[in-house]
Each structure stands twice: as structure tokens, then as C-alpha cells.
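What follows are several structures.
Paired with chain B in one complex and with chain C in the other, chain A is shared by the two complexes that follow.
Coming up: the complex of A and B.
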């Protein structure tokens, strides 16, 4: 049954997955071409100087890409569930609700992780040949909150879609905006290093939000 | 699991509202900043205090060197022209334009050259200190072949027992320079790795003095690169003194290298000649560049420090010759009416960023017991609704609202079924 659910999730999200992957690759390529342009026009030393003196990491172009990917996959996965009351059918599958939801969100998280890992690997490999390992590490740590924002956007979009009441959907969306904005408060590289672990724990816990919406559906609190 | 997910939803809502509502309140109630600017007059030996509010003429008053109430000490009001004459070290260009600059003040020749070469004007924000550094620093050439300074070509990192230079052009280690610097620093007693570094990396400045480095034992060193070779000098300090933070100036007055603060908060002035660290007699006043915005103004007559933090602003002035304390003023931060009213509404404030650092993490501030009556009122309202609707969730929400006040009241009202 788990395999069947995973196939169902892939069928729903395959277009969004490939779109997200392309989007991610496009913006990663754009960021890298920007660095190459600086290297060609001002020399590699200029990249080091700007990074160390101006607190720049040259990959700002990808800042909101993980968030967009999370949103895209979340919406493409959960909107079909709410059309024609399909969620009712899904919940009638012979699988416990929690396991069912975890499998569904697990599929989305796996797709996002694959996209993020590809992007992360490209940036790591590119920067490793260019700058000192400490600086590469600093760039990667700076980008981690953006990926956490991507997972957050995914979990919230799932919860918002599975929620049946518009009033509560709006409240959840506002809450999502509030939580997501925390990851974009401070643009200085490495600013979030001290809260990465707690932020990761909170992000993982957010998978429970969809469970709240489904429970309300099962209790008949949603039309 | 159902309860856990509901609790998570409420915790998130309370957390988001805890920063959003105070942020929105502050946004809607802007208050003008009327921070007084002080300068110590070498003419009359008193503080000259300038204040200006938006749309108003500047108010210039006089205060005695150690006044307890500097803003209301007397009714003397000065004109801008009078202030210029009393503080010639700052407004000498204005005085020259009107041919009013005297030949000497307090026995010192006040030529433009003398005034200019003794000028120091340095600002340091804690945001520049409290931030993540990648662990790689740039090294400039202090004695370039050409007259002008050029951008650095190498960076350095610290290893457990040395310093390692990296060529930026090909991202490789310069073993020769690394060995030379490591040996030079070790021969001066430097204990690796450094715990604090200060430099102004810019090819636009007039000259380069490299780095002020605090070694692992808290000893202070001056390290720079001259013609590709290391220059290392240790500042003379008692063994018991451990430096917490040093700040390099590189201002017009080349006799002063910068300032340092030890682990007890005592400030030191760093002299270039002989690498002397002279303790400034600030009394019980502690200096902490990691939590205070620091401004240093030096001139022919005095060296003035301004230390600002969330509580207030401290001004200290020292005689330029013997570095004795010549004056001290303190201005507690004035709370606006809106800020006072906020203490009755919000039990605390959650923020993720601060003006005192460049880091992001949750921090709770402005804890206020004055919000307790509102908290209790909101809790009673929630309890009444809960009893009326026989809703246990709202009753629990009432208990939570006694602590979290408006932050939990809103989610319990909006999210309950």
C-alpha cells in the first residue's frame, strides 16, 4: 500500500517536481554565471574581497527558490486531494491516518530534498575550487535557512490545502507568512548559524500541521 | 498526536504574534530621536551640549564637567556662533572662514596643521563585532612599492600552532610567508590562535597599520605586513590584564593606534610609539564594545568617548596630554509615551534581530509586569466564553493568557473550533 501511495504522490507532483528542479537549476546557473562574470571582469581576488569585506555570498539569486519549490510541490500534491472530495477516498484507504499522511508528506519532502541536494552540491563543488573551504562552508551555512524555509512552505501549503474552512486557511496562511519571514530577517552571512538546529526541529514538527487539518476533516468540522 | 499538533499550532501562533504585534506597534508609533551631542570646550573647560528636534532650532547649553543634570543645570543658551568659538577643535573651518580662529588656545598653537594632524573621529558599532566571520582574514601590504595602498592579494587563517597565508589568485597556501609570520609571531610570544582581530581593510585609507590581534592568552599584538615581511610588536600590559577587544583607528593622529578594552571593561589607549597601552581613568564606568556603540573623538586638547547602549549614553573626556579624566556626563535613554504605553499592553517582546549584533536568533526583551492586568482581563474573557460554550480548550487558553496576554488571546479566539 505504501508503494501505491508513493506512486500516487509522484503522479500528482511529477510536473511540479520537474518544474522545481528546472527552476532550481536555472537560478543556480544564473548565480554561478554572475560569479563567473565578476571573475572575468575583475579577477578572482575581487570575489574574495567582496565576500570578506562586503558580506556578500553571490548566491542571493537562489534565496527564494527553495521556498518557491516547496510551495509548488506542496500545492500540486495537496490541491488534487481537495478536488471532488478525494481526501475522503484517500482517508478510506486501509492505512492509519498518521502513516498515510507521513507517507504523503514524506514523498513531497523526498522530492524537495533531492532538488535541494542537487543545488547544494552544485554550489559546493563550484565554490570549493574558487575560495577557501572556510568561506565555502560559510556560504553553505548561510543558505541552509533558505532550505528550511522551503520545507516550511511545503508543510504549510499542505496544511492550508487540507484545511477545509476558508477562515482557517487564511489564518494558517498568515501564520505561514510570519514563520517564513523569520528566515529572511537577517541578510548577513552566517547570521542564522546559532539557531539552525532549533529551526530544523521546528521545521520537522511542522509536518504535524497537516495532521491537524485532516483530523478536523475526520471529526466533521470541515464541510 | 492530535493534541501535539494542536499545541504546536498555538505555540507557533503565540511566537509569531510575540514579534509581529510589538513590531507593528513600533512601526505605527515612530518617535524622533533627540540624542544630545556633547563636546568638551578647551576654552572654558565645560561641556557644550547641542540638541535638536525635527523642525526646531538647535538648543545649545553649557554643563559643568561632571554635571549630574547636564540638560537643566543652568539657563544659559548659546548661539551657534558662540558654540563654534567655544569648541574650535570641531568647528575650526567655520572659524577660519570668518577669520575668528585664535592663534593659540590653552597654551597650544591652533594652526590648521596642528588641529588636523591631531584629529581622531572613529565610530564602532557592536554590529561590526558581533557577527559571524568565516575564519579567513585579509592582509594588506603596509609598505607598498607605489605610494597608494593596493587591495590585498592574500588572506590568512589561524591553525592550532600558526598562521597560514592563502593566495587568492589560485587558492593555494603561501608556505614561505606562513612560516615567516608564524616564526615572527612565536618569537614575540604570540599564543595561537588569535581570539580577536581588528583591522580596517581598505585601499582608500591614508595608511595601513595592519591588525591589532589578541592572542589566546589575552595579550595584545600589533601585526602587519611590511614589504612582504612580518612586523610583530607586543603591547606592554601587566600580566594580570587580559584584553577582550581591541579596535584599530588609523586616523589622522598617527601617534594613536587605537583603543582596547580588557576583560574587566577598563579602556586603554594604544600609542604607536613604544606600543604603550595606557589605561584611561574611567572610574567605575565599564566599556564594552560588544554591547555599546562607541564613538571616539580626539583632537589637540582632549579625547572624548561616547558609549551608547539601550539604557543611555555616557560621555567621557580625557585630557590629551596626561589622559586624566576631564569630564563625564550621562544621559539616560528617554522612553517615549508610546513605549511606556506598550509596557501595559505587551508582557514581553520577541525579536530575532538586534541593533547590537548581526545575528538572528530568538531573544525575549521588555518583560513587563504592567501588562498583567490586561492579561488577566483577557484571560477572564476567554474563560467566560469557554464556560458559556463548554469548551475546555478555551478554558486552558485562559490559563495560558495570564502569562502570554494578548499574544495567546488572539489565537485562542480565532483558532478554536
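Coming up: the complex of A and C.
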């Protein structure tokens, strides 16, 4: 049954998944080509100098890509469930609701994680060949909040779509904007290093929002 | 006989507003086909939503297979086939994908029943459901229900959006399946003729209450249409008289419907000061006539 649910989720999200992966690869390639240009014109020493003295990490181009991927996959997965109240079919499946929702959101999280890991791996390999390991580590730590923002966007888009009342959808959307803006508030590299663990816990807890939306749906709280 | 569905003292409102029904009670015995009839807004779909656990009632108890509907076990859900209004299905899937998907959930899945019906549609297994007509989609939904081989079928307005051919195909297939397998069915439809070919018992809902619940054959036998000419032009209509339904002023006279005998009706009218001239009594000709007779024309 779990496999059947995972396949259903993939059928819904496959276009969004491949679009997100291509988008992610495009922007990663764009960021890398920018660094290669600097290396070609000013030399590798210049890159080191800018990174150390001016707090530049050269991958700002990918900053909002994980967020966009989270939104794309979340919306493509949950909008079909709410069209014509199709969620009723899903909730009627002979599977406990919690397990059903965990499998559904697990499918979305797995797709996002695959996209993020590929991007993360490319950046790691590229930077490792270019700069010192400590500097590579600093770049990666700086990018982690962007990925957490991606998961946050995914969980919020799922909760907003599965919510049946427009007023609460708007409230959840405003809350999402507020939470997501926290991840982009500090432009300095490494500014979030001390709060990555609490941010990860908060992000994981946000998956509960989708469960509350579904529970409200089951009580008939729909417009 | 065991009751598959049991509803006790169900009360529901639209939000905090209009009462849909108050203290609704009914049972669906095992092996019966029960049609829930009512005009738009009388609470047919609301009842199905409550029974399937998609709406929390204001008060009352509902049980399916002896279990509270708010706590149905997955094994019990597997015994219930659900058809949503408008034959809603996972239209992003293809004919074969949706069959493979549902097959994993139901232990008694009958693949041949599904593909037997699909062959009639002249569609390829790879065709997406979203690219099909309303009629074809209804057959996909029906095929899935037949394949599930459930003990209870809950069908919400199965005739919505179907042309007469597909309605007939749906009804005939469903009737053969249900009768041969001894299934229990709880269904609604806004096209009463379709139900007449299918249901054993019916509940007719009016705004806020049940008008009647009885076997269709009893309803057709016991309900009569009465016609008469009023004694004078300004003689009052037989309205708000218990036992008399849907009084109507036509061009040639007045009519109403009742389960009472001719003598009882004459006594009732006499008590109200109505002196019917040429009172005639005739049987209702169809379930639709009986439905209109009980609920009125508008």
C-alpha cells in the first residue's frame, strides 16, 4: 500500500519534480560559471581574497531555488487532492490517516531531498576543488537555511492547499511569508550557523500543519 | 436482519444557520438497496459526508458494520465502496494506473470486473482519465467499484452529468452486480427514474425531516393521487393538513396526494370545511410521481 501511495504521489508531482531538478541544475551551473569567469579573468587568488575579506560565497544565484522547488512540489502534489474534494477518495483508502499523510508528505520530502542533495553535492565537489575545506564548509553552512526554507515552503504549501477554509488559508500563507522571511533576513554568510538545529526542529514540526488541515477537512470545515 | 448502516438522532445544520434535519433516524439492512431521495438542499450529500466521516454532525450517532463512523477501522473501510458526486476519481492517472493503484488496497480485488467494463468504452489502458468524457469517467468509477467487491456501496448522485445511455449502462451493470452478489447499497440520485429500476427501499427527505421510509413497492401501492373540483372559487386549499401532501391548483381542478383511504380523506377535508366535488383517486404511476406527490413541485 505504501508503494501504491508513493507511485500516486510521483504521478502527480513528476513534472514539478523534473522541472525543479532542471531549475536547480541550471542555477547551480549559472553560479559555477560565474565563479569560473572570475577565476579566468582575475585568478583563483582573487576568489579566495573576495571570500575571506568581503564575505562573498558566489552562490547567491541559488538562494531562492530550494524555496521555489518546495513550492512547486507542494502545490503540484496537494492541489489535485483538493480539486473536486478528491481528498475524500484518499481519506477513504483503508489506511490509517496518520500513516497516509506521513507517506504523502514523505514522498514530497524525498523528492525535495533528492534535488537538494544533487545540488549540494555539485557545490561541495566544485568548491572542494577550488578552495580550502574550511571555506567550503562555510559556504555549505551558509546555504543550509535556504534548504530549510525549501522544506518550510513545502510544508506550508501542503497545509494551505489541504485547508478547506479560505480565511485560514490566507492566515497560513501570511504565516508562511513571516517564517520564510526569517531564513533570508541575514545576508551575512554563516549568520545562521548557531541556530541551524532549532531551525531544523521547527521545520520538521511544520509538517504537523498539514495534519491539522486534514483533521479540519474531516470535520467538514470547508467553504 | 443485521443493519449495515444505523443512524440515530442525527441533527445537522448548515454552519450555524438553517436546520438540515433534526433527530434523523434510519437503518439500512444487510442486502438491501436503499435510495435517499430529496430535493436539492435537503441534505442527501451531507448525509453521505457524515456517514463517510467527512463531516462531523452536530449530534447523533452513526454506525457502519457496527462501528462508529468517526472511528472506522481500515479493514472496515475496505468493505465500503464509495462513489463521490460527479464520479470524481484520480483523473491524473491512466486507466491502468488507477487499477494498479486501487488493487493494492483491497484484498478481494477483481481485475477482470474492471477491465470487462473498460472494454466497452473502446479506450486504451494508457489513456488518462482526465481526457475522457463524463460518461466514460463514470464507467471507470463504476468499474473500480465493481472490482473492489465491497460489502457496502455508497453512491452519491451517480447520475449527475450522464446522458441517458450511460445512465442506463451504469444502472444495469450495477443492478446485475448488486443483485447477484447480495450487496448492500446506499445511494442518492436526482434522477428518480434511475432509482426506480434499482432500489428496494427509499427514504424521502424534505427540508428538516424524513417524509417517508418504506419499500418502493409499498409506496407505489399505498400512495394515491386525489383530484377534485372545489365547491366554490374561493374555497380554501387543503394545506397544512396532516396526511395530505402537495395540494396543487391546476386548470381543471385541484389535486393532492395521500396514504389515507378515500373515506379518511373525505372526513379530513370535511373537518376543514372543504367539500370536494367529484373526488377521484388514482394510483401513482412511477416513483417520480410519488416523489413529486410527497415533496411538491417546487
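We adopt the following convention: the second predicted complex is superposed on the first by the 222 of 223 C-alpha atoms of A that agree within 3 Å, B and C clash if a C-alpha of one lies under 4 Å from a C-alpha of the other, contacts with A are read in each partner's own complex, and residues count from 1 in each chain.
One rule holds in what follows: contacts are C-beta pairs under 8 Å (C-beta built on N, C-alpha and C of every residue); 3 or more make two chains touch, one makes a residue touch a chain.
Fair warning: this is a prediction, and the values are worked out from it, not measured in the lab.
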{"item": "Combined model on chain A where chain B meets chain C, clash or fit", "value": "fit"}
{"item": "Which of chain B and chain C A:131 touches, first, second, both or neither", "value": "first"}
{"item": "Which of chain B and chain C A:201 touches, first, second, both or neither", "value": "neither"}
{"item": "Where the C-alpha centre of chain A sits as vertex, the angle toward chain B and chain C in the overlay (nearest 10 degrees)", "value": "140"}
{"item": "Which of chain B and chain C A:3 touches, first, second, both or neither", "value": "second"}
{"item": "Chain touching more of chain A, residue-wise (chain B, chain C)", "value": "B"}
{"item": "Which superposed partner A:93 touches (first chain B, second chain C, both, neither)", "value": "second"}
{"item": "First, second, both or neither for A:52, with chain B first and chain C second", "value": "first"}
{"item": "First (chain B), second (chain C), both or neither touched by A:212", "value": "first"}
{"item": "Which superposed partner A:190 touches (first chain B, second chain C, both, neither)", "value": "first"}
{"item": "First, second, both or neither for A:171, with chain B first and chain C second", "value": "first"}
{"item": "Minimum Cα separation, chain C to chain B, after superposition on A (Å)", "value": "11"}
{"item": "Of all residues in chain A, those that touch chain B in their complex", "value": "43-45, 48-49, 51-53, 55, 98, 129-132, 134-135, 137-138, 168, 171, 175, 178-179, 182, 185-186, 188-195, 205-206, 208-209, 211-212, 215-216, 221"}
{"item": "Chain A-facing residues of chain C, complex", "value": "49, 52-56, 74-75, 77-78, 80, 82, 84, 86, 88-90, 92-93, 97, 100-101, 104-106"}
{"item": "Residues of chain B touching chain A in the complex", "value": "1-2, 4-6, 8-9, 12-13, 16-17, 20, 131-138, 151-153, 155, 157, 166, 168-169, 171, 201-202, 352-353, 358-362, 414-415, 417"}
{"item": "Chain C-touching residues of chain A, taken from the complex the two chains share", "value": "1, 3-4, 7-8, 11-12, 80, 84-86, 88-89, 91-96, 217-220"}
